[in-house]
Amino acid sequence: MTATTTQADLATLVRGAVDQALARTRLTLAGARRLAEAAEAEGRTMGVPIVVAVVDAAGGLMLLHRMDGALPASTELAANKAFTAVQFRMATHELGALAQPGQPLYGVGASHQGRIVLFGGGYPCRAGETLIGGLGISGGTVDEDMAIATQALRAFSD
Amino acid sequence: MTATTTQADLATLVRGAVDQALARTRLTLAGARRLAEAAEAEGRTMGVPIVVAVVDAAGGLMLLHRMDGALPASTELAANKAFTAVQFRMATHELGALAQPGQPLYGVGASHQGRIVLFGGGYPCRAGETLIGGLGISGGTVDEDMAIATQALRAFSD
Amino acid sequence: MTATTTQADLATLVRGAVDQALARTRLTLAGARRLAEAAEAEGRTMGVPIVVAVVDAAGGLMLLHRMDGALPASTELAANKAFTAVQFRMATHELGALAQPGQPLYGVGASHQGRIVLFGGGYPCRAGETLIGGLGISGGTVDEDMAIATQALRAFSD
Amino acid sequence: MTATTTQADLATLVRGAVDQALARTRLTLAGARRLAEAAEAEGRTMGVPIVVAVVDAAGGLMLLHRMDGALPASTELAANKAFTAVQFRMATHELGALAQPGQPLYGVGASHQGRIVLFGGGYPCRAGETLIGGLGISGGTVDEDMAIATQALRAFSD
């Protein structure tokens, strides 16, 4: 009886641990929403209306928010920044450095039906070592987009 | 002095009326978020994980939320349903009825780079007579998608 | 001397006739504008804001006018109706009849990157037997679009 | 009675202010036509047959005119210049400077399904601070296109 109880407890314990581990390997809509809220708060503070996009580990769009007054081009750019960061598992500005004339990935922007962005504002989201999704911010200067995205990722991991 | 007060009041009144008139002709991110929350609440109640998309009066994407567990195809379908409803200023199931073989708009689905959806779940959002955007729901059966969308639109207009 | 004069006159005469013949085989911007004005006048009379598109004999867009308040989808549809009429050298409703299930051209709408329209409102423009371009009207019901287009073509040939 | 009159006057005043405010936030077909006429007159003066395109604040095509003898490529280029200027809220030559190798937006031309133009001839149209549309000119050298567009915009704002 004690043995049975222990076994049931153990099963519950294992199941809980597995669920938690799985949860850490994927981004939920709730998580994407927290990322977006952090980014939008930062955008408001800086006076920069942005578009924020969150994609899953396969590059599929999970969330897109366009703040009022955002640059029209930013809807596509934010989504593509998040997509690019997941496809190459690196920030878009890192990919951009590799894609300049004479650099190893010159011309990479022609692939993926025009969805590759080579300037800053797209970041992979990781849980520990695991890639769980991507974040794309567009609306301000490249420096502003990068500052907003990194601030949102920091707030998210806390 | 009374005259001055009146003039100041008048200016405030006019400015308020103008702001209200402009506000009525566009959907804000806050409004899109309320639409999404109403749709997601209905989806949870029905046990149907959905993707909800909101577009502006020109068909530009303002918000997309993918609930956890939603059908992969639903991301594109929800966005395209909202787009279609704005482009044709009618619900997608109404357009679908007109696009059957032998009906007036047979073949219309080939246009707009494959972004036209001919089954239910896409609706125009209006403020009075003015088209201010579109809502697209995908994830359940067509009947479920339509029920969720109409419920969200009802909650939104209240 | 009389002979010389006659020869010069003759040359002028021939050149004029050739120019006139060539002019009849192509649509000019002035001609496209007259077509558009006739269509827009008819649209105003009927209370139907339309998009009017005129293409040359190769299907290239020469003129597009979107009347205020026209259906968003109509920009692409009007242009594609004019294109279709030239590509198949027949009115779009005639092509549509051939493209119904069981008919000879069933499935033709899949070709030409989604630019084929299978319902009324697109017409070839001819000078005598020669195809010189195409006219596309979209904005009302299919019947209204066809009435506006045929009225504009009639006004144009007068 | 004075009160009643005042109220009626007030209502008229408010309605007028609202209408004016709304009018200032959008370009009409009549406005687009005036822009096109100014551009075409300038093109004729310079002996450069051009294509002129006007888009609304969301990038939707409102008017396209192809002058007789214009470069075939110019139809797509003029439309895309106007689209680009609205999407990025800046002239196309300004975007082009930011998109050179080593510059902040290098690679941006890959986005928006090939509709981004990085050389001169596309300009945003503003009413005060408000973006109301875009103008694209193509047909001459880049310098000629820019001269024609700026001349047309100047004539339009007068």
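In order of appearance the chains are A, B, C and D, and numbering begins at 1 in each one.
As a working rule, a contact is a pair of C-beta atoms (placed from the backbone, for glycine too) under 8 Å apart; a residue touches a chain by one contact, two chains touch by 3 or more.
Owing to the predicted nature of the structure, the values given are computational and were not obtained by experimental measurement.
Its C-alpha atoms superposed on subunit D, subunit A is turned by 90 degrees; the angle is given in steps of 5. For the touching copies subunit A and subunit B, the fraction of interface residue numbers used by both exceeds half; the interface is of the same-residue type.
Inter-chain spacing, taken between the CA centroids of subunit A and subunit D, is 35 Å. Note: centroid distance subunit A to subunit B, computed from Cα atoms, is 26 Å. Chain centres here are Cα averages; for subunit B and subunit D they lie 28 Å apart.
In subunit B, 58-60 are the positions where the chain touches two or more neighbouring chains simultaneously.
Listed by label, the pairs of touching chains are A-B, A-D, B-C, B-D, C-D. Contacts from subunit C toward subunit B in the complex involve residues 71-73, 76-77, 80, 96, 99-101, 109-110, 114-119, 141-142.
Interface residues of subunit D, counted against subunit C in their complex, comprise 28-29, 33, 60-68, 72, 75.
Residues of subunit B touching subunit C in their complex: 58-59, 86-89, 101-102, 104-108, 110-114. Chain contact summary for the complex, subunit D toward subunit B: residues 10, 13-14, 17-18, 21-22, 25, 56, 58-60.
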